[in-house]
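In this document, chain identifiers A, B, C and D correspond to the written order of the chains, with residue numbering beginning at 1 in each.
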Amino acid sequence: MKFTKLTAVAVAASLLAGPTVAELVFPSLSYRTGPYGANGIPFADGYSDYFTLVNERDGGIGGEMTKVVECETAYNTEKGVECYESTKGMGALVYQPLSTGMTYQLIPKVTADDIPMHTMGYGRTSAANGKVFSHVFNYPANYWNGASVAVNHVLSENGGDIAGKKIALVYHNSAYGKEPIRTLEELAKKHNFELSLLAVDHPGQEQKSQWLQIRREKPDYVFMWGWGVMNQVAIQEAANIRFPMENFIGIWWSGSENDVIPAGDAAHGYKALNMHAVGNNFPVFADIQKYVVDAGKAAGAGDQVGTVLYNRGLYAAMLAVEAAKTAQGIHGTAAITSSMMRDGMEALDMTAAKMAGLGMAGFGPEFTVSCENHGGPGLGSVTQWDATSKSWSQISDFAPSDMDVIGKLIAEDSAAYAAENKIEEGCK
Amino acid sequence: MLYREAGDFKTTYAKDQQTFPIAFDRWGYFIMLALAFIVGPMIINDYWLNAVVLPFLIYAIAALGLNILTGYCGQVSLGTGGFMAVGAYASYKLMTSFPDLSIIIVVLLSGGVTALVGILFGLPSLRIKGFYLAVATLAAQFFLVWLFNKVPWFYNYSASGQISAPERSVFGYAISGANALPHVSYLFCLSFVVVLAWGARNLTRGANGRKWMAIRDMDIAAEIIGVDPLKTKLTAFAVSSFYIGISGALLFAVYLGAAEVGEAFGITKSFLVLFMIIIGGLGSIFGSFAGAAFMVLMPVLLKNIFVGQMGWPTDLAAHMEFVIVGGLIMLFLILEPHGLAALWRTAKEKLRLWPFPH
Amino acid sequence: MSANFYYGIEVFLNGLMAGVMYSLVALGFVLIFKASGIFNYAQGVMALFAALCLVGFQSGQIPFSHVINATFGTDIHHFGWHMPAFFAIILTLMMMILFAFLVEKFLLKHLVNQEPIILFMATIGLAYFMEGFGDLMWGSDIKKLDVGIPQGGNIWLETNTAFLGGPDFYGFYIDNLDIWATIFAAILVIALILFSQYTKTGRALRAVADDHQAALSVGISLRTIWVIVWSIAGFVALVAGIMWGSKSGVQFSLSLIALKALPVLMLGGFTSIPGAIIGGLIIGVGEKMFEFLIGAPFLGGATENWFAYMLALLFLVFRPQGLFGEKIIERV
Amino acid sequence: MTQTQTYQTPDGRTIGPAVMEMKNITLRFGGVVAIKDISFDIREGEIRAIIGPNGAGKSSMLNVMNGFYHPQDGDVMFHGKKRGPMKPHQIAKQGIARTFQNIALFKGMSTLDNIMTGRLTHMKSGLASQMMWWGSAQREETANREVVEKIIDFLEIQTIRKTPVGRLPYGLQKRVELGRALAAEPKLLLLDEPMAGMNVEEKEDMSRFILDVNDEFGTTIALIEHDMGVVMDIADRVVVMDYGKKIGDGTPAEVRQDQAVIDAYLGVAHDE
């Protein structure tokens, strides 16, 4: 076994022009092609640009240079496996698989290989329970938080009372799209609003039926768990039936420039959730311009800087770097291993001061991670699209979600997983 | 003369009917098997096993299945993805509801279940033919995917429709779940491949194979000389689905470990497997393997060349992959319309004369 | 009459409209299959490619800029002009004709007299190639397509029919885009019919469709015919691309609209232009009504995809020759 | 003229009772009448020819005999039993084999495999045993292979055993098709224009084979030809059809005398 492991490293390294051992390797399982490529590009750019920045500006993390190994998955789980296998031997510190499907199949693998995985705003929600999912982290917020944040936003708009209101959920008819349903049903009971579910089949270019139904039923609010082409079509159709855009709220994967621009002015006022800041008026962007883009070291064309998904990639990278620093602190060595990285992530503490120090004050919520809670506090914000200035703006600060509802669900689901796979809960 | 047929006479019909009438082929085959089983696990590393060899083996089974239906019986099907899904979900339900059931039994049963579903969706083939049937099988594809997505019972009511394979083992070695050893899973799949390929070969060279090919070549004449079209076509659908179901079960349980129906068993799967058998060669066991190898290996190789060696941006590399794979497919068809299997045959013709070209 | 009854009618109307959109895609398949017996898997990708070119020309994007930038480290993206839709369309048409020519020269020419399955496979290869090529040429980001076709519910119709169904009926909703699609489809079909009836090439086309050998024997060059047919199919693809593109923006997924056309083909037959239209309408109405009456209320929705195929399947089981084919008498 | 008692032919073959009787067969396609109220019988061991100009309805008659077409009126009796509504493949299993006017071989398969398909009605082994190539399956395969090899020797096509039939010349393909029909060891063998499009030698070969088949295996044969020539020499009895009607029936000698026949062929000739 040992022998083959070594050859694995050797071969993989030779295959992908492997790094010198001293570097901190952050694989990026990006998808710049395929049906969702348009969304994958900015995230991947942001993710690797931040590491480039760290190298150029700070000379790496605690003196250790970072290296981003990018591997194209085209959002296809089988390519994902190939990418994981080809990169894990290279001293990968943390995986960011960017696909719920891949997350599910990597959960057992990373646990066995002792490599942490960060699924930010996607993946298996119940992984928030670190006592079961020791190597999986999904801070700062997950889908169920998202659902609750959306409801809270509606509550705040209606003075805390939405009894008898109608809320429709338009969702991508897949595992991802079905995630919020349980939570929303619970919340519907709690706040007794009326919930109606409209499934849209992949890829979702034809949504006439769903939007005619919405036009008939006249819900007060429409939530959307959409992905890819479904988003653009949904927003266009909503505009077509003249549904009030400010009552149309999408999850963070339905809230990028890509989703609203094709609809043009019609999309004005459309809202989407987010777990980090939008726009590029943060000091860090000046650095990126200076050290990365102008230096011609940008991962992409550089035209994505400041877009929602670019920022998400940036944010994910920043959290990874901070976790790495924490890990270095804990273990007193700069050259950390994946297992040390896991400890770092579990002990991560994002304070306002830290973010300010990075020129990213208020870029994301304040939160701390613990073994019991890999999911963070589940804070989320609401952003709104301005079609005239073609920009998103954050219209609420990072608000908490209804954890006493969600916590219960997380406990249930993780317990089920633990039972199915004979894991006894506990902290390392 | 490296490769010789001459002076290789048969004294009994039984001998003449064997799979490799030519001694050279026969020994080559046995040596290959030995290598695959004994040397393979030693030299192949985890990366190649998990990322390339496992999918190759599993898709080879699917290709065998589809080739039986399309290549031998002439019924073009685009329902492969759906049938693989049946296999996968059957195995998941079996694994979770009977934890003590041996994984081997589970896989075989999954194949059986798929066979039944296959027969059901094979019924229209009696009246619908050619491309119309191909499109008709898409009904199976879309319906099955929708069903597994819609009915929570299939994924044990988990919050998201994902199914994850629990750990199961053979002779104490885990072949699914977190602690599965690549080499064990490899041998596990390899055994299935060998047995199933051998079975396919026997089926296609015997009475059944002739029935299938008769239907393929001229269904009316076949019926008049006493071939029951319905029975024959349904047998083809059943056997083919059995193979495809097994590959689906292995894909889920051994290779992916977790799956979501729309994502893992979507329409693209159906096309992928169809590409495999057409590139490899319709109506050829070897072709099924060649095609699977081509479709699995080619992207990985190209990626490693472009990204690994030439250091291109991954997206350009991926686009280039499409261009090249597409180009190659067209090139092959122009050079040899009947697939890699036919190319191989011509190569052998040449080899027979080597090193003395006339 | 209750509001629901009128909503039923509304769904029916929208079904018709959706059907037209499907027919637009199906037409391309039919044209090529009729003239060359090729089941052109690449039709969807052609629509995507056409739309990509259109947008590219319109916004003055520099082709292959990504590749150039990657290889030479340059940073070029746009010519900096904005081309009027009309010229862009003309340019795109030329592209499609060039494409047809190249396909014939480098692919079909070498595959004359091959079995259908081989030709089908060739178009699969072509589809792969075009997917990658299109992305290399124009990049894989989502682009807004706007050639000035109005979108959104038709207010006139809405306000003037609102009185029908009482208070909770808001009048018939029909998307202007769909109305335009219908008009274009109508023009397209009429043009095609006129072309095939009254022009020499058109008659040649039909001759080839009826009997290759005969056509060849009277000296019609199959190769020119193929170029022409593929060009026309390219044009149809462009129209489909524009219609679907303005719904969803131009992106990879546009190539998936082909899947929406297949049940239409089963129903209408691979060789009949009217079949493509009627089939499209039946599928459109069928799937929308099913979703409205049964799918959404009882089956949890999203039934359209498979229902379209089931509908076509059932239809074929009872009438294997399709909508417009004659009864097949088998002989030996 | 349907005699029931067996009798000896001049060349010493025994002609038994009727194997198949056609009773007042009428077949229509839509409005077109292909066969109009025709009756005749085929007796065990004889060579029965059905002749007539093109479009006389001969092939349709053959298709009725092996159940590919179902007549609107009339009965088909096989071994004295009235035949109910049956599918062609069931009828084949009853022991009726045939060849086709324009060859219907299985292009993708070798000569050997094509002829082996003729044995399918005799092979019973199950899927499982075939999959494992064990016991019954392999025994069956070998046994039937022996039968087929006899036929191959009989038809003198040993050299093309493994050749894909697509590559064979027309004459040989006809022979292979005959082989495929013989392989079924039929009680009644139907030949649809076995000599159509052949040159003189090929025709002579073919008629020799037909006679030998009838001689050595005692196979009852019904064959269709549109030119009288060769047929008259090999047939025991001849049915003459024209425009879907039976215009003559009897020994070649009798038929040659028949005025209606002469008209149909020589006299008031109509374009073929």
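Keep this in mind: a contact is a pair of C-beta atoms (placed from the backbone, for glycine too) under 8 Å apart; a residue touches a chain by one contact, two chains touch by 3 or more.
These numbers were taken from a predicted model, which means no experiment stands behind them.
K.L.:
Spell out the chains that contact chain A while also contacting chain C.
P.N.:
Output, common partners of chain A and chain C: B.
K.L.:
Which is the least count of steps on a path of touching chains running from chain A to chain D?
P.N.:
2
K.L.:
Could you tell me which chain's Cα centre is nearest to the average position of every protein Cα atom shown?
P.N.:
Of the chains present, the most centrally placed is B.
K.L.:
So which chain is the furthest away from chain A, centre to centre on CA atoms?
P.N.:
Following the centroid criterion, the farthest chain would be D.
K.L.:
Across the interfaces B-D and A-B, which one involves more C-beta pairs in contact?
P.N.:
A-B is joined by more C-beta pairs in contact.
K.L.:
Need the CA-centroid distance for the pair chain B / chain D, whole Å please.
P.N.:
Computed value for the inter-centroid distance: 42 Å.
K.L.:
Where the centres are mean C-alpha positions, what is the separation of chain A from chain B, in Å?
P.N.:
36
K.L.:
Averaging only over C-alpha atoms, locate the centres of chain C and chain D and give their separation in whole Å.
P.N.:
Whole-Å distance between the two chain centres: 51.
K.L.:
With chain centres defined as C-alpha means, what is the inter-centre distance between chain B and chain C in Å?
P.N.:
Measuring from centre to centre gives 33 Å for this pair.
K.L.:
On chain B, where are the residues touching two or more other chains?
P.N.:
146, 220-221, 224, 313, 315, 318-319
K.L.:
Check each residue of chain C and list the ones that touch at least two other chains.
P.N.:
Residues 66, 135, 140, 300, 302, 305, 332.
K.L.:
Which residue numbers or ranges of chain D touch two or more of the other chains?
P.N.:
In chain D, residues 68, 100, 104 touch at least two other chains, as defined above.
K.L.:
Mind listing the chain A positions that touch chain B in their complex?
P.N.:
My answer: residues 1, 4-5, 7-8, 11-12, 14-17, 30, 32-34, 37, 41, 70-72, 74, 77-79, 81-82, 85-86, 89, 100-101, 104-105, 107-109, 111-112, 124-126, 173-176, 178-179, 182, 201-202, 409, 413, 416-417, 420-422.
K.L.:
Once bound in the complex, which stretches of chain B touch chain C?
P.N.:
76, 124, 127-132, 135-136, 138-139, 142-143, 145-146, 150, 220-221, 224, 267, 271, 275, 278-279, 282, 312-313, 315-316, 318-330, 333-334, 337
K.L.:
If we count contacts the way the header does, which residues on chain A are in touch with chain C in the complex?
P.N.:
32-35, 37-38, 41, 173, 197-201, 203, 205-206, 208-210, 212-213, 215-216, 228-229, 232-233, 236, 239-242, 258, 261-262, 264, 266, 296, 301-303
K.L.:
So in the complex, which bits of chain B are touching chain D?
P.N.:
12-14, 17, 199, 202-203, 206-208, 210-211, 213-214, 216-218, 220-229, 235, 239, 283
K.L.:
If we count contacts the way the header does, which residues on chain C are in touch with chain B in the complex?
P.N.:
Checking each residue of chain C against chain B gives 39, 66-67, 70, 106-107, 110-111, 114-118, 120-122, 124-133, 135-136, 140, 259, 262-263, 265-266, 270, 299-300, 302-303, 305-306, 309-310, 312-313, 316-317, 320, 322, 330, 332.
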